[in-house]
Structures are given as C-alpha cells and as structure tokens.
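For reference, chains read A, B, C and D in written order, and residue numbers begin at 1 within each chain.
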Amino acid sequence: MDVLFGRIPSRHDVDASLPAVLRLLDAHGLDRALLGSLRGGLFDARTGNDELLATSDPRLVPVGTVDLRDALTAEPELDRLAGAGVRLLRLFCAEQGAEPDFPGLRHVAALAAERGMTVLTSGDVRRFWRPFAGRSASVCFLDVHAYHLADFVLLARDEPGFVASARLLNAPDSIERVVAEVGARHLAYGSGLPRSDVTPSALRFRLADLTPGEWDQVGHGTAEGWLT
Amino acid sequence: MIIDVHAHAGPWFFAMDVGDPGLGETLMRRYGIDAAIVSASEAVTYDAVSGNRWFADVLDRWPADGPRLYGYVTVNPTDLRAAEADLERYLPGGRFLGVKIHTTYPAQGLGSTAMRDALRLVAAAGVPALVHTWGADVWALVDVLAAEPSLRLVAGHMGGPAWREGVAAAARCDRLYLEPCCSITDRGKVRFALDRVPTGQLLFGTDATLIDPAVSLGVVADAGLDARERELMLWRNAAELFGIAVPRP
Amino acid sequence: MDVLFGRIPSRHDVDASLPAVLRLLDAHGLDRALLGSLRGGLFDARTGNDELLATSDPRLVPVGTVDLRDALTAEPELDRLAGAGVRLLRLFCAEQGAEPDFPGLRHVAALAAERGMTVLTSGDVRRFWRPFAGRSASVCFLDVHAYHLADFVLLARDEPGFVASARLLNAPDSIERVVAEVGARHLAYGSGLPRSDVTPSALRFRLADLTPGEWDQVGHGTAEGWLT
Amino acid sequence: MIIDVHAHAGPWFFAMDVGDPGLGETLMRRYGIDAAIVSASEAVTYDAVSGNRWFADVLDRWPADGPRLYGYVTVNPTDLRAAEADLERYLPGGRFLGVKIHTTYPAQGLGSTAMRDALRLVAAAGVPALVHTWGADVWALVDVLAAEPSLRLVAGHMGGPAWREGVAAAARCDRLYLEPCCSITDRGKVRFALDRVPTGQLLFGTDATLIDPAVSLGVVADAGLDARERELMLWRNAAELFGIAVPRP
C-alpha cells in the first residue's frame, strides 16, 4: 500500500517509471498496490493526479495527493479526486517540509477526515500524529520505525483509525509486538517501492511470528478496509 | 538594457499561479527586461529531462517580437548520463546558453562528489553554469574552479543568507560571478559586493516568475550604482559571459 | 509599520540611527512609521523603550517591546508603556530564539491580548500563529513570505485580527491573492527599515493590482486601525 | 557461508526485547549466518569497559557447537587510557578481532582530535576498526588513513544517509571498507557501491540484534550480486580482513 511512480530527483539511478514499478511488483510477488504519484508529491499536485488517474491496471488502486504548501487548492482538488472515485490521499509531509502545526497541513487533515478519506503520510509519527488526532481519522503512517514503536502503540490505543506500515518495523520483535499490543488491524504491509528495496521488508514480514489470520490482516486486510 | 540571468518558467508548488510562460513575457515587458536566461521549474525541482524538453518547446513558441528568451539546460548531478545527452541536444541550437544546477532537489551539496563531477561535465561543455548557493559552502565552488581552469560559475543568490561568504569567495576567483537575487532583501548587500569584488563579476537576476522582478530591481535601485556599474551589472557582464549579442556602443 | 532604529550588531556597515532612518523615510516617500527600538529587541527592553519614548517626531508612532527571555518583567513594563500611551508591542521572536511553545512567549501574548495591544512580531507565521490564536488578538506577522501565503490565508479566515506584512509577499500574484481571499484589512505595508532595502517591497506594492480603496487600506488604513 | 561484521549483543533502550545473547544465536541459525563479530550495546552506548567485560563473559559461555562468535573491543575515544588497557586485555585471546568506535555516544565526530588519536591507537594495535559513519564527514576517514599507512577501517553503515559520499571515499583508499547495513533501505545503494568500489572492499553486516538480519540479507538479495561478488562481500573479504579461518576452497 506504499508504492509511488514517476521520477526521484535525488535518485536518477533508480528507474521509478510505471512500467518499472509494475515489473518490480511482479518480481516480488506483490498482487496489488495502492499507487501514488511522485510528480504530484514533489512537483505539481494537479498534473501528478492527472497522471495517476490516467493509469489503468487491475493491480493498481490510485492514491491522490494535494500540496501542503498550497492548501488553498486542496478543497477543489479533493472534490475532483472524490469525483474520480479516489478514496485515499497521500501526503508528503516530510518531502514538502510541512510541520505538524502548519495551518496548511491541519486544514488538509480536517478536509480528508470530513470526507472519510484515508490518509497515507510520510514523516516521523512521534511528531505528525497531532494534526490527525481526535478526528476519528483513518491514517496510515508510512515511516513508523522500530525505534518509535512504543510511541505508535500509545497513539493506536486511543485512535482506532491509526495504522503503521510494517516496512520499518525491523527489529527482531517489532511486528509481533505491535500486533500483540494493539492488534493486526493497526498494521499494514507496504513495500516503499520504488524508493526502498523490497526484500528487506518483505522477508521480515514473511518470517513474522503471526497467526495466518494476523498475517492476512497485515498483508492485505487492513488496506482493503480503507477501500470499502 | 537589462539581462536577467536567473529566471524560471513553469508552475511552483506554493500558493501562487505563475506557471504560464506568458506571465514571464508580461513581467519582462512591465519591467523593461530585454533578455532573460530561464530554467524550467520542472527541470529544477523534479525531472531535468522532461523539464528541459518542456522549456525547449516554450522557446519554440516564443513570440518573435517578444523580449529575448534563452534557456539553461538544467543538470541533475545525480544523473550525468542524461545531462550529457541534454547538453548535446540543446546547446548547439544557440537558444540554450548555459547550465543550471540546484542542490536542494537532487539532495547534493556544493561540496558533494556528484556536484564536482557535474561541474567537470559543465567545464567540458564550455558554457557557464548558474549554481544555486545558499550557505557558507559556496566556498566549495572556489575549490572546483581551481581544479577546472576553464570553468565559469555564477553563484545564484550570492550565497543566500551567507552572502558575505559569497562575496569573499568571488574575491578569490575571477571566474566566480555573483548573482544576488533573493526574496529577502538584506539592506546594502549589493553595495557590499560592489565594494569588494571587481564589477565585472556582478550579474543581475530576478528569480521570476517565482519572485516578482520588482524585488531585484528594487535592490539594485537601493544600491546606488553609478553609470558604469549599472551597465556592467545589468547587462554587459552577462552579455560577455553568455555570448549574447548587444547593440554596438 | 515595520521600522526600527538603533544598531544592528551583525551589520555595522548599515547606519541604523534615528537620523538615518528618518532620512530614509523621506527618501522613499514614507509619510509615517511605526517605530520600534533595536536596543530594546536585541539588548535591553527597558532602556530600549526609554530611548523610544524619548523620540519626538510627528512622523513616528512608538512601538514598545518586552524581552521574551525575561517575561517576568513584561507585566510592569507593559503597564509603563500603556501609561506612556503606547498601543503597539513589537516582539522579536526570531531574534530572541523564542519558540511558539515557550512559556515566556505565551505569557506575553496573553498579556498583550488582555490589554488590547496590537502585536507586531517577527518569525515564521506557520509556526508562530499558535500563541496568538483563539484570543481575539490583534497581531501583525512581519515575515509572512509568498511561499507561506496559503497558511496565512487559512489563519486569517478564523482570526479577524491577524494581519500580514506585504513586505515579503513578493511573488507576482501574492498581494493580490491575499486581498482577494481575505480582504485588504488583513494586509499592511511595512518596509523593514533599516534592515531591509525599501524599494523592493515599495515598488512591488506600488504596482500591485488593487483598487484605490484596497491600496489605501494596505498602505495605511490597517495600521491606523491599530491606533484608534 | 556468511560472516556478519556488524553485530551487537545486549539490550537497547528502544521498545524491543533483544538483550539476550541467545537471541543472537537464534537469528544466526535462522538466517544461516556462520560467524559474527559483535560489540556490546552497553560498551557502545554507555560504558566501554564494563560492556567489553560483559561481552567477554558472553564469549566464554557461548555454546561450542553454536555459530562462531567473535568480539570487537569497543573503544571510547574520550578515554584512551582505558582503551589501551582493554586492547591489551582482550586482543591476545583471539576471540576479539578488531575495534568498534561510535561517534554519537562519545560525542566525538569523525574529524575530531579524539577520534584521530583513537584511530592512531588502533593502528598501533594492528587490528581493523569498525567505525560508525553517518554523514558526509565519512571523508575524514580518508585523511586519517593517509596519515596511518597500516590502518584498515570499516565504514559502518557506509556513511548512512550520505552513502554516496561513503562510496566516493572508499573509491579513494583501498584500506577503507564499506559495510552498508541500515534500517532504512534506499533502493539500489549496494549496487551503486559495487559499481564504483573494488569488490574486495565490500563487507556484510546486519546490526543484529538491534535490527533483524532480514533487512541486510534483503538488501543484498535485491542488489543482484553475481557469484563472485556474493563470495567476496558475504564472507571472503571479512575472513581476510579479520583473519577468520574458513574452509579451504
């Protein structure tokens, strides 16, 4: 549920084009992906969303975006995305230099919650929980690191809609500990393609000491819940 | 006569609607800017190849009776193979006069290995480069210039908040030019530069259409240039550095 | 409304004395100035305010200050300023290293709001709105940058007393956009003398695509409102 | 055959329960790691002397039929007298094969005087050192290596976020080895290194038990190593650098 396509300005040695991303999904046995646009996050939200909405592949679920530095345009753009059937919103808090208290981010968090959209966001969960808390928001924090596990678990106890990506929960007991503390519905697997290597997170997740039901929930159940 | 060596075209991700190349033409006419050397915002912030291509198309459609428009080939230091191809593609046409290199979006600082490799490529191409400088690491350019005796660099923003270091660095190498545009206009910084660096190394830039040209023109107005300084800084230095034809004196 | 006098420790090449500042006001056709003390902001609030109160020029309106690093002395100093007829308070958040959550800043923001004083403050509006929000405060943010326009507009929608300085609203459409979104009463022209060059902001403002009424409001109407 | 040159033992202050040396054995067996060179978390983060002593005791109790376990003598650059004593105490036994030096906890950067003095001590001891590198100051190691011709250093994390500079630095000195483990797995960075640095300078490390070995093994898997690269990076380079006996070919 954490896949992007486009270009990576700092990594032109990495092919991040849509065909390359589709090949990598296949190569790693990933059946479906929630897909966002790097163009939308790093350059221009509107044409990035255009590019995204133009994709058509049964494996892909589009994740729109708005620019946190131009939150005045967020409302019409969210309505346009909703009109195209998009239920998911990717925010690039870290990449766009938004801090948790910036009015633009707070505004977008409120708009997304009002519309019942699920937000997928980058950024340190210890700081970026704030604009989303207390709104019954559905939010997946993509960069939750093993080192920050305790902070996430404490948040998840109060926020039924807060989910962590399993990608960086990479200590020997992190995935298992989150599931034991707050349940598998607070966890979802995301590969971080094309910016991250896939096998590290995929191998760790495949070897996780979970029940088959928990494994299915993290592997696809949590993300499917955002789409229904 | 005014030549703007630091201009942009295309949209930005801030709350401003400045993406239309026609706005650049409007601003040039409003402020009497006769020629501008422009890089595409897309090329700087996201995708050098597609941004350069987009701007080449802007150049093709530019009105023949409009102010003169030239381009920078934007180079991403993390992709020198694409940079080499773009330099070969665009420089020979005569509408692209130099190279633009940013540091933020490629995440490569002025002292990075990738930046040194990119500037070596620029030296080989034989054109000047406008480099985004924003901090005391502007000094790294002096090292690169020492290693590449044919290279000519323009310190865009003159070091930004570290403009005193930009000035000191330019005083050390006559192939380091200063372009002081900045949306924050610390008082007197252009005069500070003129008093310490040969006038032949000062250039004029606006950052338009991201920033209104009123800012840089206002800074120059407040610097109290004499006639010779005005001629050199506002256009003659740029014309010589980039090989832009100007009316005979 | 954004003028200071005194000395600039990092810029001894700049003459920031009162006579020099008055000459610059004349030279740039600025009729009146809200004047604060650099000594007060950078060294000693009390003697800086003394120096300020000793000025007497019909073009100048005094703007007092208190030190955010010594907020215990703020209450008597504000009373002293009020006794001298001062209605405006300049805060040097950025220069004094105050962060939005620092108790000293919050205390001063509360004291100023209780007394109905207008605050003029430096600092990134995306961060420094917080201590002033929800208090019906009258605050002019002096460093609102074109890049942060959306954040300011979102704030101004909820806070009738929030005003941006036009000085750094320097994209080709920034001044016009703020006026269109929230009205000219949320904008005021300030030169930033003697630390900033005047012509950049003055030229941009003079060429702004506003009605004469809007232009007057930004040029002096908003600031006059703080004095009545 | 896999040799892990960057492993830890002991508890960490994060929300994880990884302090039992038995976990290290479990992970080595699960992932087929034949040998590991380990530093004590206590020695790295808090007290080098007591941490080294604790790990010497772990080595003494290690099951004879378990995977092979070796130690780093952790050196705190701010206490070289204690470091000298620990090197004399532990190196002769043959179970401690090198030195581990961190920068964060001793608050001494790679370019600091204390770090240079510590690395001079390491050179005198005649063993390699695994140095925590996390930023472009990895270049400081090239200077130190030039000054100490017998010194061999391993750049742990390959510079971390500045891995491009780690790679460039290693390309400049054949006694600077790269160990690229990192919990954040920027795509393709091992391939980036292999394409620029002689394969003989690449090593494999996991950061276990702090990080699950799945991460580093996954990174290597995604780098698409050929048979020779795999042999050199996964164990042969480490065996030669640290003098670890391996089966005859």
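One rule holds for everything that comes next: a residue touches a chain if its C-beta (ideal position, glycine included) is under 8 Å from a C-beta of that chain, and two chains touch if they have at least 3 such contacts.
None of the values given here were measured: they were computed from a predicted structure.
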item	value
Length of the shortest touching-chain route, subunit A through to subunit C	1
Geometric centre distance via CA averages, subunit D-subunit A, whole Å	33
Chain centre separation (subunit A, subunit B; CA means) in Å	37
Centre-to-centre distance between subunit D and subunit C (centres being mean Cα positions), rounded to whole Å	55
Numbers and ranges of subunit C residues touching at least 2 other chains	147, 150, 153
Where subunit B touches two or more other chains at once, by residue number	14-16, 108
Set of all touching chain pairs, with the criterion as stated earlier	A-B, A-C, A-D, B-C, B-D
Subunit D-facing residues of subunit B, complex	108-109, 111-114
Subunit A-facing residues of subunit D, complex	14-18, 23, 27, 30, 183-188, 192, 208-212, 214-219, 221-222
Subunit A residues touching subunit C - in the complex, by the definition given at the top	69-72, 99, 101-104, 106-107
Of subunit C, residues touching subunit B in the complex	11, 13-14, 145-147, 149-150, 153, 168, 170-174, 177, 192-204, 207
Contact set on subunit D toward subunit B in their complex	136, 164-165, 168
